Amino acid sequence: MFRYIVKRLIEIIPIIFVVSLLIFFFIHLVPGDPVRLAAGKEATLEEIERVRQELGLDKPLLTQYINYMQNLLTGNLGHSLKTGLPISDMFENRFSVTMTLTFMSLGWALVLGLLIGTISAVFRNKWPDYVGMLTAISGISLPGFWLGLILIQVFSVTLGWFPTGGVDSWKSYVLPSLTLGAGIMSMLARFTRSSLLETLKEDFIRTGRAKGLKESVVVRKHALKNSMIPVVTIAGLQFGFLLGGSVVVETVFSIPGMGRLLIDSIAFRDYPVVQAVILLFSLEFILVNLLVDILYKALNPKIRYDS
Amino acid sequence: MKKASFLRTASVLLFSVALLFGCSSGGGSGSGTPAASNGGATTGAPQKDQLVIAVNENFITMDPQNTGDALSSGVQSAMFEGLLIYDKDLKLMPGLSTEYSVNKDATEYTFKLRQNVKFHDGTPFNAEAVKINFDRMSNKDNNLRAYRNYKYIKSTEVVDEHTVKVTLNQPFSAMINKFTTGIISPAALEKYGKDITKNPVGTGPYKFVEWVQGDHLTVELNPDHWNKGAAKVGKIVYKPVPENGSRVAMLKTGEADVIYPLPEQQVETLNGEEGVKVERTPSTITRYVSINMLKKPFDDPRVRQAINHAVDKDAFIKVVKSGYGAQLESVMSPTIAHYAKQGTYEYNIEKAKQLLKEAGYENGFTTDIWGNTNSDTMKGMQFIQQQLQKVGITVEVKSMEEATLSDEIYGIKSPEEAKMNMWYVSWSSADPDNAMRSLFSSENFPPAGANTAFYKNDLVDQSIKEATQSSDQDKQKQLYGVVQENVFKDAPWIFLAVDEILYGKRANVNGVYITPSGGIYVREAAFQ
Amino acid sequence: MEVVKEIGHNVVVPTEKKSRAREFWKKWKKQKTAFWAGFFILFLFVIALFGPWIAPYDPYEPNYDVTLQTPSIEHWAGTDEYGRDILSRIIVGTGISLGVSFSSVLVGAVVGTILGLISGYYGGWMDRLIMRWSDVMFAFPDLLLAIAIVAILGPGLTNVVVAVAVFSIPSFARLIRGNTLAAKEAVFVEAARSMGAKSSRIMFRHIFPETVSSMIVFFSMRIGTSILAASSLSFLGLGAAPESPDWGAMLSMGRDYLATSPHVVIIPGIAIFLTVLAFNLVGDGLRDILDPKTKN
C-alpha cells in the first residue's frame, strides 16, 4: 500500500507537466489578445507594442514557455497581465475561500446523499423512497445559477436569514454551498440507492438473511460497505465538477474565490493567472482522485494494484 | 468482509467526513470579516458610520496614473485628487490648484497650487510633487496609461513653491481635462515603486485602509483634508458584486447602501420599496452600431441612412433599455461640452425601402452584426436583427467574447482586412476631443485607433485638428459643431440611444452620486 | 411460423430476443413512474418532430406592444421581452434541446465506454495512460474547455455538441473502468478466460453487460447534465444563436427579468426541469429492469 501511494505520488509529476504544457499552448491557441485589452480601446500601435514588450508577450511562444517553467520551478507563479500584481498575492485569500466552499458542499452532499440513498434503498418503492428520490432528482434538474438566484430571493431578500453574498461569516457559506452541493447530493443519493439495491441481491446478503440476521444488520454490516465502491468513485469524480461549479456559484453569490478569478482571467486572456489557477485545480483534483483510489482499495481488497 | 473490515471502512468514511468539515471551518476563519457588522437592522444601533458601495466589477489597480477602467478610477476618486477635479455633473472645478491660465495656442498651462495640503503619509503637497508626478507620466519608459495624454508635455517647471508651469510640445486644447489625473505622494512613489498599485497614497478626502483581493476595498475619512467636513461618513467599503440580482438584493436587505449599476430591468422591483431610492442621471455613454464604410453595401451613404430610418429608436429604448435612456441625437451625449443637437433619423420603413431601392438593394441583402456576450448586447443585436428584417435585410447575430471581439476588430493589419460589417457597441467619454477625434478622425482607423466605422471626411479631419489647437471656447464650439453635423449626415453609425446612469441607494444616504461618466462621487458622503 | 421457430433448435437467438422484449415490456409496465416518464419523453419527441406545425405563433416574430405579458388566454405561457409567444418558443425549442443533449451524450458514452473497457480490462500502461489522460481532462474545468473549444471552432450548435461530448468522455471512461475492474474478477469471466476466449469477446460479451446498468443510469443523468451544460454555454453567449428558442438561451436571456416578470425565467426552467426529471426517472426504471443479475 505504501509503495503504491509513493508510486502514484511520483506519477503526479509528469501529469502536472503535461497539464502545464497543454494549458500553456491551449490558451495561446484561443483567439484574443490580452495586450489589446490591457492597452485599451484608444491605444496607438506604438503603445500596444510597448505593452507587449513589457509583458514579455513579444517573444516566441517556446521562449515564453521556457521562461514560465523556469519561474514555476523556482516557485514563482508570475504576475497578472491585468493587474500587474504577483499571482501568489491574488491567491492568498481566494484559495481558502474556494476550498471552504467546495469542502462544505461536498461534506453536506455526502452526509445527505448517503442518508437519502440508504433510506430509499431500504424502503424501496415505499413513500420514503419516492420522497427521497424526488428530492434527489430535483437537485440535478435545476441549473445552478437559477437555483442560486431563487435561494437568494427567498432566504436573503424575503426571509432575511442569510446574507446575499460575500464571505463575512459562516452564514455566508450556507446558501452557496447548498447551491453547489445540490447536484452532487442528488448523484450520491441515487448511486447509493442503486448500488445498495444491487448489493442486497448478492449471494452473501442472501446468505446473511438466510442465517436469520436482522435486516438492519444486513444493511449496515454487509451491504452498505460493498456498495460504497461506485459511491466513492462518483464522489471523487464530482470533485472536478465542484471546482467547475464554483465558477457559477461564486459569481451568483459574489464570493471572491478562485472560480471567479478564473472566469475574469479567461475573459481577459490573463494567461499567467489562468495557467496558475488551472494548475492548482488540477493538482487538487489529482490528489483527491488518488485518495479515491486508496479508499477503493481499502473498501474492496479484491482489487489488485499489480501494475 | 468481517467485523474488523467494516469498522475500518466506517472509520475511513467518518474520518473523511470529519476532514471535510474540519477543513471548512478552518478555512472560514481565515477570511476577514470587516463588513460583517453592517447588517440591515441598524436603526437602533449607534450612529451608522460605514457606507457600503456595491459595484459590478473587480477593481484592477489603485495607481490613478495607470488606470483604464471607469470603476477603478471611481474608487480612486475618494483617495486622489488632480490639479482639477470633476464635480458630480462632470464640470471642472478647482482641486489641488486654485486657479490656472492657458495661453491662446493651448501650449502653456500655469497653475497656482492650493497651500497647506498634505498627502495621507504626511508629505507636503507642493510644486515639486506635481513635477515628480507629471514627469512620471510623461516618461515613455514608465509605460503608464496616462502617458497617452501626458506625452504632449514637453516640460514641467517649478516656478515657485506653489506655482507650476506646464509646456506642451504641440497645441492641445483638450489637455485641460487631463489635469484631473490623481497626484500621488512622491514619498510613496519612492517607497513602493511598482507596488504603488496596492498602496495608494493621495490627498483626497478618504485614505486607504485595505484592499482584500477580489473581496473589498476599504477607505477611511482623512481628518486632515483641506476641505474638512464636506464628507462625513467615517468609512467606505467598495465591494464588487457582479451578479445583477445579487446587487439589487443587497440594497433591499441593507447589506449595501449604494449599488451601481442598477440594471434597467430591475428598477421596477425597487420602486415603492421602503427605504430605497432609485437615482437617474443622463450619462456620457452613447449606444450605437458602428458600420464598416469600406465594405459593400455600406459604402453607399443611402444604405446607411436607410438602415437608420429602418430602426425604431423609441422601441429600442422601450424594449432593450426598459424605457430608461434617450434617443441619440448627435454623435455624443448632451452632457459633454460643445454638444450640438442634430435631431434623429425618423422611423420610416417606406423611406428606408425607397433609399435601398435607389442604392440598388431593392431586395435587401444579408449581413452580420457583432457584439460581446453581455445579455444587454445580445438583446440589442436581436432588436436590430428584427428591425432590419422588415426592410429585407437579413442579419446574422454573432456574439463573441470580449477578448476575441477586440482582437477581431482592432487586431487587424490594415483597414481593408477588417471582417466586421456592423458592430453593436457603446462609447463613453468625458470631453469632446475624446468623443470625436478618437472615433471619426481618419488617422484613427484600426489598428491605429477606434474609428471602427472607417469614417473619413476631410472637413471633419480638418475641423477636429483645428479644435485641438485652439484654447478659444467659441471657436471650439463652432468647429465641433461642424464635426457633429457632418458625421450625423454621413451616418457611419446606427444612432441608437444615450444611456441613463441608474443607481440605487438607501434613503438615509446623502451626498453620494454616480457621475455621468460612471465615476463614484463621495466627496460629500453623509448619513441622515 | 412463430410456433415452429420457438420449437426449433437453430433459431434460439431471435426467440430469446423476442421473449426478452416481451418480458421487458411486462416489467416496464410495472414501473409506474418510469412508465409515465417514458410516455412524457415520447410526447416530447413528438413535439420535437412536429413543433413548427403545432406552435400557435411564429416563435421569432416580435410584437413590441405586448412585451413581458403574464400568461393569458392569447398567450398561454405569456410573452418575452420582445413580445414573442413563450409557449411557441418552448415548443419549437424542444427539438434543439433534445437533439443537442442526445447527440452529445451518445458520442461521449460510446467513446468513453470503449476507453473504460480497455483501461479496466488490460490494465498496465494502457490503463495508466487512459486514466492519467482522464485526470488531465478532469483537471480542466468544463467551462474553460467549453469556452476553448467553442472559441477555436466558433459558436454554433454543432460545436456545443462537441464541447459537451468531450467532457462526458472521461466520466464514462472512469465509471466503466471501475465496473470492469470489479467484473474482471468475477467467476464467469475467469471461466471464459480459462476457456481461451478472445479478449475482445470477453470484454464485450461478458464484461460489457456487467457495466450496462451503471452506464444506463449514468447516461440518463448525463442527458440532464448535458441539457444544463448546453444551457450554461448559451448563458455565456457561446451556445445557440441568441434569437433561437433554445431553452437555455431563453433562461439566461430572461434572468434579467426574474424579479419583475418571473414567468420569462420560470417557464423555460420548468421545461428543463421536467425533461431532466423524466430522463432520470426512465433511467432509474430501466436500471431496475436491466439489472444483469435478475435477468439471468
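Letters A, B and C mark the chains in the order given here, with residues in each chain numbered from 1 onward.
The working rule: a contact is a pair of C-beta atoms (placed from the backbone, for glycine too) under 8 Å apart; a residue touches a chain by one contact, two chains touch by 3 or more.
Quick caveat: nothing in here was measured; it's all calculated off a predicted structure.
A comparison of C-alpha centroids places A closest to the centre of the full protein. Of the two interfaces, A-C and B-C, the higher number of touching C-beta pairs belongs to A-C. Separating the CA-averaged centres of subunit A and subunit B is a span of 35 Å. One finds 22 Å separating the Cα centroids of subunit A and subunit C. Taking each chain's centre as the average of its CA atoms, subunit B and subunit C sit 44 Å apart.
The set of subunit B residues touching two or more other chains comprises 245, 401, 404.
Residue numbers of subunit A whose C-beta contacts span two or more other chains: 30-32, 149, 153.
Shared interface positions of subunit C, i.e. residues touching 2 or more other chains, are given as 147, 151, 255, 258-259. Put simply, subunit A touches subunit C in their complex at residues 11, 14-15, 18-19, 22-23, 26-27, 29-32, 130, 133, 137-138, 140-146, 149, 153, 187, 190-191, 194, 197-198, 201, 229-230, 233, 237, 240-241, 243-244, 247-248, 259, 262-263, 266, 274, 278, 281-282, 285-286, 289, 296, 300, 302-303, 306-307. Interface residues of subunit B, counted against subunit C in their complex, comprise 244-245, 248, 263, 265-266, 268-269, 312, 315, 318-319, 372-376, 378-379, 381-383, 385-386, 396-401, 404.
Of all the residues in subunit B, the ones that touch subunit A in their complex are 1, 3, 5-6, 8-9, 12-13, 16-17, 20-21, 23-25, 27-28, 30-36, 40, 58, 60-61, 68, 140, 143, 145, 147-148, 194, 197-198, 212-216, 239-243, 245-246, 249-250, 252-253, 255, 401-404, 406-408, 410-411, 434, 438, 447-450. Within the complex, the subunit A residues that touch subunit B are 30-34, 36-45, 47-48, 50-51, 54, 82-85, 89-90, 92-94, 96-97, 99-100, 103-104, 106-107, 110-111, 149, 152-153, 156-157, 160, 163-170, 173, 204, 221-222, 225, 228, 251-254, 256-257, 260-261, 264, 267-269, 291, 295, 298-299, 301. Across the complex, subunit A is touched by residues 33, 123-125, 127-128, 132, 135-136, 138-144, 147-148, 151-152, 171, 174-175, 178-179, 181-182, 185, 213-214, 217, 221, 224-225, 228, 231-232, 235, 248, 251, 255, 258-259, 265, 269, 272-273, 276-277, 280-281, 284, 287-288, 291, 293-294 of subunit C.
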